[in-house]
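The following block contains the structure, expressed as structure tokens.
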Amino acid sequence: MTAELFVQYLFAGITYGAIYAIVAIGFNIIYNATGIINFAQGEFVMLGGMISITLLPIMPLWLAITTAVMLTMVFGALLEICFIRWLENPSVLRMIIITIGLSILTREAALHIWGESIRSLPYFIGDEVMTVALFGARISPQVLWVIGACGLMVIGLNIFFQTTSVGREMRACAANRRAALLCGINTRNMVTLSFMLSAGIGALAGCVMSPITSTQYDIGTGLAIKGFTVAILGGLGNAMAAVGAGLLLGILEAFSVSVLPLAFKDAIAIAILLLILFFRPHGLFGSRTAAGLKEF
Amino acid sequence: MALLEISRLHKKFGGLHAVNDVSFGVAQGSIKAVIGPNGAGKTTLFNLIAGSLAATSGRVRFNGEDIQGQKPHQIAACGIGRTFQNIKLFHDMTALENVMVGRHLRSRAGFVASMLHMPWTLKEEKQIREKSLELLELLEIDAYADVEATSLAFGQQRAVEFARALALEPTLLLLDEPAAGLNMQETAEVSKLIARIRDLGITVLLVEHDMSLVMEISDEIVVLSFGQKLAEDVPSAIQNNTEVIKVYLGE
Amino acid sequence: MKKLFPLAVLATLIIAIQLITGWTDTRFYLTQLTMSAYYALLIIGLCVVMGYAGQLSLGHAGFFAIGGYVSAALTTRNLEGLKDTVLIRLFDGLGLLVAGQDIYGDSLLVVTPWAACLAAVLCAGVIAWVLGIPVLKLKGHYLAMATLGFGIIIYRIVLASEVFGEADGISDVPSFPLLPGLSVSGDFGAREENYYIAWGLLIIGLVLLRNLVDSRVGRALRSIHGSEEAAEATGVDTARFKLQVFVISAVYAAVAGVFLTHYNGGIGPSEAGVMKSVRYVAIVAVGGMAHLWGAMVMGIVLNFLSLRGVFGSYDDAVFGFILIAIMLFAPNGILSWNWRGYGAMLLRRGRRRESLREKTDGLA
Amino acid sequence: MTIKRHGRKIALWAVMVLAITGMLLPASLYAAQTYKIGAILAVTGPASFLGGPEARTLEMLVDQTNAAGGINGQKIELIIKDSGGNPEKAISFAKQLIEEEKVLAVIGPSTSGETMKIKKIFEQAGTTLISCAAAEVIVNPVAQYVFKTPQKDSFAAQKIFQTMKAMGISKIAVLAGNTGFGKAGKAQLLKIAPEMGIEVVATEVYDKQSKDLSAVVAKIKANKDVQAVVNWSIVPAQAIVAKNMRQAGWDVPLFQSHGFGNIKYVEAAGAAAEGIIFPCGRLLVADQLPDGHPQKALLVDYIAGYEKKYQETASAFGGYAYDAFIILEAAMEKAGMDPAKIRDEIEKIQNLPGTSGVFSFSPQDHNGLDIDSFEMITVKDGKFVPYKGM
Amino acid sequence: MLKIRNLQSGYGKLKVLKNVSMHVAKGEIVTIIGANGAGKTTLLSTISGLLRATAGDILFEGQNLSALPPQKIPPLGCVLVPEGRQIFASLSVEENLILGGHPLKKTGKKELLRQLERQYALFPILKERRDQYAGTLSGGEQQMLAMGRALMSKPTLIMMDEPSTGLAPLIVQDIFKVIVKMRDEGKTVLLVEQNAQTALQVADRGYVLETGKVVLQGKAHELLEDVEVKRAYLGKDYGDFYDGKS
């Protein structure tokens, strides 16, 4: 493998890894606040892309994206308020099935609103063939947009969780919901907020990736599965470990192309998921003791 | 030789020594109680014996056989039955069905035989039912046989759990706080019941907070504190043990 | 006798439907009823795993596809080129192979349907067994994801393998002669017999599961659902029982897959899709999780409607909606809920509690 | 077990009986006074990009025909069934349309897999099926009652190779999607290449949902022998291949299959689409055809009608359904409501212009198109133009 | 200050509290003792809103708490130090304390910092460990953190659920010293304990709970001597037991 090819694979991997990581962080935020895996997470990404594309003809790009992110956040909040909030002590099975149902309904609604056609946002800078040379490889500037936006989101989230009081309260809910209630924190609002937050970052990821990957009503499912794989890989609930795991999976997938037929690329991710589930369910980076600490 | 022998049992959770170097034996046909303040490691000890937890080190011998590290169902098959501190009945099943599950080890119909309803499985089924009803009668809850178990009153649920454990025909019965949440009257009934179980030839090991119950029925008492064995003696001697009084009652 | 009553009703109904359709010249309904019966076979198998043993499986379409695809591949794959290898000769000697002609008139050597069917079911059973050992140790989300992952892998394999026809699936699967004069095929002339084959199979499957649920093993399975820890303490080898019931339901799914594939004369990758697995779960949920009859009836009704295209372009949306509505408002299933009527149920509960209290007070 | 329990079971049965008898009643109550035709199309699901335009085209045509007085003075009744790309549904619908609705003929399905599964049913029932799917195996060997409208893959492959030879290309890489379309196309390319003296030095199959193929492009680019790339699929990945190739700074000629015949893909690929060469029917370059061309009027008319009605660009896929409809219409005009005759009349059709080409059927040819139905087309300034050599 | 009238509560079908009535006056330490399963924790959970009362009233300074959601109760000045500490293990010690000051949010940051310093003064060990993860503290330190966290919101009534659980006797003494100190600073304390002896020694008054009912109440020192307590709570042989006779 030449150095050039190596870098090319690496960038392809990082681009995808960054997107997987964002989806996985979305999973983790909701999981931490509620203990629910939101199977509709991928749909947020789809909605972000679809709404911004729809808005583009009537407003500038940045405004379309902002509005799309906002609307998706509202959608996320509505999902939580209408379907999750009022259930008392639902079983895990029930929650899994409900979020799967929500994912299907969202997808089907998108199909009937936007049709089956494939759309995309224009490239933020330059056009489809413009590239920048990096270490001998040629990269579309949009790739840098994706990586940059994902990086910024991760940093932003970190700042939010570590330094703001709302972020601290959300972490408290994740660590011990009962105790958070006893401190006077409205945990239900925190849950709604977690849905909004993960809808928002999902939508933003959906916007920046749209020029590269296009958006269609059914892209959510595939992304959700990859995102979940990454979330497990990093250790469920460990939002920032998802970044490492996402990049790892993305790069692994990119390089797998050089040895295996492309059609098996997705099967690889899922095989990894199964192996992790069987042998290291607490994740690659998470440790058993840290997981234990959480429930102390 | 004692029926159950625990030697140098050790269990660590992270940095916490929940059970620390505990050894004692339970003689065949006796009632032995484990007492100690909250957090002393009594339930952990129970879970180690019953196989729900694996010990960090140490040995549990039952009938001369090393059972440490075996799965709970294997330990149950050796003849150790148990009840739980916070009653664990099978929901969506009647009281009778709960007890019938207890006969699991005393019956043998497998998947194929069950699917085909072989004549002998029907006969076996009938025996399971009769035996289970007998146990419900013994515990005086046969009137609720067809009531969903989890909708019964607290004391009755406890009785169903007892019956389920007895259906196993165990040689050793582990009772985790059998009198928790019961009033004086009910506690007295439980104590009679435990004595009756012993008279059936079943050895009993129990964890209990209710001192009156423990003092009344136990042949021997083990006191745990911070995972360690503090004392092991007959009730009267435990009552006189100043160290026990200090730890257990605070000053 | 009491147990036979509902079965007798069912049998009467099956015969009645056939007679009525024959009489009113609407025999075409039997086509979808036959197909629905096969799907219902899978669904009752899933019902026992989900409702009784409490283990969610989001990958059951995978087992259906294994059954269908293996049987289809074996009965259509031409072994003519391998004729001289030892293995093929051995198979031929055992009567497992049958010669024929393909559509272009070339000579064809394929596995007989019986052998293919057995191989397919065995294959599904073994895969379920190997998969079940690690997967069934998982719980909650992990279990859901692992089974979903399995389903997706099967889907991917089917799509990427030349043997399985990639995106086109396998066509021209021959009919499956069960007995002389009785074969599983989609020919217009064989409709009545196939209707009875499918329903006969479903009834046998239902009786077997009914027996299973109503036995020592069934109680053990329900106890696992109730409290795995207590079940273990009562001596139930939960790991083994979960595994065995998982394998049995995989076998049910595979049998359904084999028969439907021969009936349809082919199979496509959509049968392995995630939406199919989700749909099966939805049907079991509507039927009332631990309710074999409910699952079967809903399996028939919903598949029948779907196969007739009643839901049009909203097919998937309908099942998504069903999932949410059921889980939000009637997690115990629509049938048990509807029939009793909430009021009646509350009344009865109230009375029961009161009588209990009297008894309890008497004791104290 | 008490009566209560029995009661529950009886109630379950009541639900089922009601549901089924409810279904049993309404059908076959109308007398057939219209030309009743069926369509099985993948309007939703993974093949909806085919079925969607096809269904819309048919609806539009039926409306137009009925507005113009129908066929022989009778209206057309169209029943569209959405199979979602599921073969088992296609099978169920096929039987339903044939027996229950007693349709004269069926248009569709959209995919080859579905068509192959229901072929036998139509043969047995003696009802005509006009498939909108591409695979050659549908009409080769000829099945009595089965026709198809899209051009044969082999012609497309030949057309591409002819162009390559003119350009002096002899070593190529083949990329294909993992759909039925991609699979069949890849097979034809590999089969015909040696006959035309062209060597395939690399092949890759990718998932139809792929969103980024830069890794695979990098992989084949590493093979310095490759003089041109042929990509054979029907999904957005076509645009992605183009983008990734150009982004990688690789400017060997890129050939696509006739699946590229949708301006959306050109838009999706943007500047990267420039110079792509592919064979396609003349739908895409209808406005540039000479006025006397037999297809011109019809194409311009169809495109204008479709785009006006649905606010989206017409594609070759909708055209497949268009052709199926006009073939059926022509046959029904002659055969009337006799389903057996319709088939015979289709076989007699000669020189019928359609969107994909000019159809001339025969008992040996149930596709009715020849290699000239394809035109080599290229993309210039974001528009399709006929390819005239370099 | 706190008045409970005919309170009933439980988990689903299981009714735990049956007509419990009691009161706590300002500035006193009241203890509730009783065996496992008597309903002590259920009582505190119901007061703090974690469980919904099925009947009866909880009046805190004249306001009925029984209809309020749990997060609305601490701002009124009524906080619970839950059983088993329930600290935020994956957050730092200081963050835990700041979260305890959540009800002060409206009064501003200055007040929050002042309270933080107060707790550090009360529990110097917490200051030492302020940047550690709370999960890494020892049992006694965690109990202090839980108490400090509760005190952050300047409550008037502190409810403590079994603060001595799993702690060594020496540390239990420290904890109880703090409880007395809190009372001396004007706070009211409602203390649930299994360790009756110790609890009654620090308390002003006590209630004995048995299977969800108040069976005895009175001055702490009276209860300490009461044979009935010994019978009800420690068993009928308790008298002999405690006096060391055989």
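Chains here go by letter, A, B, C, D and E, matching the order in which they are written, and residues are numbered from 1 within each.
By definition in this document, a contact is a pair of C-beta atoms (placed from the backbone, for glycine too) under 8 Å apart; a residue touches a chain by one contact, two chains touch by 3 or more.
All figures in this text were calculated on a predicted structure; none of them were measured in a lab.
S.K.: Once the contact rule is applied, which chains count as partners of both chain C and chain E?
M.R.: Intersection of chain C and chain E contact lists gives A, B.
S.K.: I need the chain pair with the most C-beta contacts, please.
M.R.: C-D
S.K.: Report the inter-centroid distance (CA atoms only) between chain A and chain C in whole Å.
M.R.: The computed centroid separation for chain A versus chain C comes out at 34 Å.
S.K.: Between chain A and chain E, what is the gap in Å from one C-alpha centre to the other?
M.R.: Measuring from centre to centre gives 42 Å for this pair.
S.K.: Chain B to chain E: how many Å between their CA centres?
M.R.: Each chain reduced to its C-alpha mean, chain B and chain E end up 32 Å apart.
S.K.: Where in chain A do residues touch two or more other chains at once?
M.R.: 261, 263, 266, 293
S.K.: Tell me, which residues of chain E touch at least two other chains?
M.R.: Correct list: empty.
S.K.: I need the residues of chain C touching at least two other chains; which ones are they?
M.R.: Those would be 159-160, 313, 316.
S.K.: For the complex, give me every residue of chain E touching chain A.
M.R.: 48-50, 69-75, 79-80, 82, 86-91, 95, 98-100, 102-103, 105, 133, 135-136, 149-150, 153
S.K.: Flag every residue of chain C that touches chain B in the complex, lowest number first.
M.R.: Result: residues 208-209, 211-212, 215-220, 222-223, 225-227, 229-239, 244-245, 248, 290, 349, 352-353, 356-357, 359-360, 363-364 of chain C touch chain B.
S.K.: Spell out the residues on chain E that touch chain B in their complex, using ranges where they run on.
M.R.: So the residues of chain E in touch with chain B come to 13-14, 35-38, 162, 164-169, 172, 194-198, 201, 210-211, 231-232, 234-238, 240-242, 244, 246.
S.K.: With touch defined as at the start, can you tell me which chain A residues reach chain E in the complex?
M.R.: That would be residues 165, 168-169, 171-172, 174-176, 178-187, 293-296 of chain A.
S.K.: Going by the contact rule set out above, which residues of chain B touch chain C in the complex?
M.R.: Chain B residues touching chain C: 50-52, 71-73, 76-77, 81-82, 84, 88-93, 97-98, 100-105, 107, 109-111, 114-117, 121, 124-125, 128, 140, 143-144, 147, 151-153, 155-156, 164-165, 168, 183, 185-186.
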